[in-house]
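Consider the two complexes below, in which subunit A is the common component and subunit B and subunit C are the respective partners.
For the complex of A and B:
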């Protein structure tokens, strides 16, 4: 038997690459540490998820909605620290094409 | 031995009497005169048989005789005498009456009654003393004659008289229908009725004849005729046909038109009221069908409105329509869509009949309550909101201006045109005056979140089903709905639409880099209704295509990855089959290969192939690939296929269900948050909206009890609510 695919309209969900390799578990999903909304959702000020409300990755491996983090950083109380571990916030350089995957 | 005084007294009396009769004339000539006068008078008054030759009297002579009797003050005696002779001669009339009535009872012809009355009138005329003889005699005569006539008329006369009256009325309104119109139209007839005192005696009967006639006419003319206004026509008919007749019984003796009008006023308005009432009753009875026929039947509704202003039948209307709705609409046999359509028509129709909406409010209440209990109401409303293509007639009139949903309004007391609530409005009546149909439908439910959720589900289905990438229709619908529901709640739908366009853009880019036959729709997880995840792994080349595409995607959007939902979407396959050795797989083997956990789903999939003649089920749960078409096996029906739901998998089924129920917990939580406390039936019927929900109420009950043990919900008075 030979099977030829003529056309395929599939459905997929997009997901942020947060560095965790746990595709398989769809149990507790990752949420932004600031707004507690899922990464694939959007920050409280945004209406549209995805590229319009991107994530920001820190050197400390913590990930937030970019808008959430920038708002935090802009407050004086933040002292430019990561809200999770109180280390100086340094935005990580994203590898454009993750070689490990 | 009489005393002298007594003797004296008698003598005086006698002398007085003599003087009275003799009138002071010489000798007894006066007495002779009196005697003659008496005999002339009694001869004159003597009631004769109609067959006898007419009496020939000199009027002057008779008058002179009566004058003598009056002078002698013996008139009362004469009258007494007259009445007595009348009583003795009564048998003549009785004989006639009996003969006529016997004939009537045989033939039932009202004409006989007419003849009888005319005959009685002849008797009356024959026996009547001269009018010139004075009021006293005439009055006494009339009273006695009538008393006698009424006493001999048998009970059947009333029926016959009624038939006669209605024949006279019919002769006016519809001359063809009466055989001997000439007789019943005889103008003397009514004179006779009057003379004999029948008009007075049977007044109620006469008006009842008229009422019945009106009822028959209205029913005959207006029943089922809803496309023109009948009330004005009926009034014309009254003026043209019935009023000329009414002149006979009700305006006798009117000299001028002016006078006649004044005499007819009271009875006329009574009859006009009856016309309105009859029409109103008829339309009330027909209302359910009138509403079905709307808008063709708008004229009938206008009639009803006018009638209701004249006749206070509003509560009857409400009751009758509620009853009709209950019997014909609110039962399990009716489609939810039909109920909604009829409800919308009721809204429109009752707004014509009663603009403030009190009637509507009262009639709508049971319908709304019923619709709330129907599981697919929301779905139907939403489907009609987005203009589901299936049915041509949308609930919403396209011409209606689209306006935001309206909540209950607060009275604006600064409004100079403010009106108090109508008098028959109930305590919980809310004046939602100009609200449109959609607002009314949405307000069936307490929360409009439900609609938005349902809309989301529906939109998801439609978007995923669209194959040609044309979403204009959906976009347009969402734009319209935004006006109604506001931007906020529909933001989710907006994201869904954006996902669709983004997917196409991304796909175009990916295709340029690395052409693929795969065209995925990439969705934003949290903005689509929860689609069930699946552990299905795609075999061989499918997996490869997916992987290649996913890689391209990640190259294009470096921060994102794709997670496939392999159980959704469509694929077109070409299978090339030839002769080859066969291998059979058991279901369990198959399942382990593709990683399916749901036995029923895999069975369904396999049977889909069996139906196409590709696979053959060798024995229970053993499948064989058919490289050569086996004609005999192809058209196998589903007859001896095991009913899939009945698969005995006792140990795992329960676990699976529990896992499934956990998915639905979010729904339950949501609805309990929105709606407070709910009985289990409501929860079950609402959960049925959820995609893929297939649990029974017993299973749901078991789950809720488990949730109660965990302290998530509490149960009291038959309702579940969230534990806080």
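For the complex of A and C:
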């Protein structure tokens, strides 16, 4: 039998590598601690998830929507601390590059 | 822009309706996104056994980047607890409502903190300087700059 492919459509799926896939059982927990929107969604000021509304990782391993975190850090009240553990916020460079496609 | 805080509050309200509140805390009303009311009581042995207090949360569009204004209700039905960190006008001196606020905190988290603040109270007494503070206090407790210490409160003169 000879099959001729006349047409094909590629479908791809992506998700942020928050390093939390292992405990998928509590999947509900994957929300930004600041806006409470899912990481796979976007921060409340954006319309489209993805590169335009990326995530940001701290050296402390906490993850947020970049826009949410930057807004917090830009307030004097934040004292530049991570909202989760109050340690001085240091962006983790290793995670900024896209990983795990 | 103001919808940012409304969406976050909407989510909190949904969580409260789905998952409930901690024991001893009940939602009185959340009819709008400006102010919510709760009742709060301390379960188990404490100086406040059998007493029920009401809390008011006031939000503005700086939430959750800035703490909500939280105070104990003082009206015909409810009175603020007599507590070294609670002024008789209902204003509360608690660091998480000021310097130690974090956007990862929530309405529920504030209720739990205040509940444990009451539960751990050793002596029912008003904060030092209560009368002076109450006489001059702004309506919005967030305009008072409190100095947070372990056992005493010290409201500095209100700013702005």
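We adopt the following convention: the second predicted complex is superposed on the first by the 75 of 101 C-alpha atoms of A that agree within 3 Å, B and C clash if a C-alpha of one lies under 4 Å from a C-alpha of the other, contacts with A are read in each partner's own complex, and residues count from 1 in each chain.
In this text, contacts are C-beta pairs under 8 Å (C-beta built on N, C-alpha and C of every residue); 3 or more make two chains touch, one makes a residue touch a chain.
Computed from a predicted model, the values in this text were never measured in an experiment.
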{"item": "Between subunit B and subunit C, more extensive residue contact with subunit A", "value": "B"}
{"item": "Contacts of A:16 with subunit B and subunit C, given as first, second, both or neither", "value": "first"}
{"item": "Touched partner set for A:89, first subunit B, second subunit C, both or neither", "value": "neither"}
{"item": "Contacts of A:38 with subunit B and subunit C, given as first, second, both or neither", "value": "first"}
{"item": "First (subunit B), second (subunit C), both or neither touched by A:75", "value": "second"}
{"item": "Which of subunit B and subunit C A:4 touches, first, second, both or neither", "value": "first"}
{"item": "Touching residues on subunit B, where the partner in the complex is subunit A", "value": "464, 467, 491, 494-495, 498, 502, 517-527, 531, 533, 541-542, 545-546, 550, 553-555, 557-566, 568-577, 580, 625, 627"}
{"item": "Of all residues in subunit C, those that touch subunit A in their complex", "value": "1, 3-4, 7-8, 11-12, 64-66, 99-104"}
{"item": "Residues of subunit A defined as touching subunit B within the complex", "value": "1-17, 23, 26, 38, 40-41, 47-51, 54-55, 94-98, 101"}
{"item": "Subunit C contact footprint on subunit A (complex, rising order)", "value": "33-37, 44-45, 68, 71-72, 75, 77, 81, 83-84, 86"}
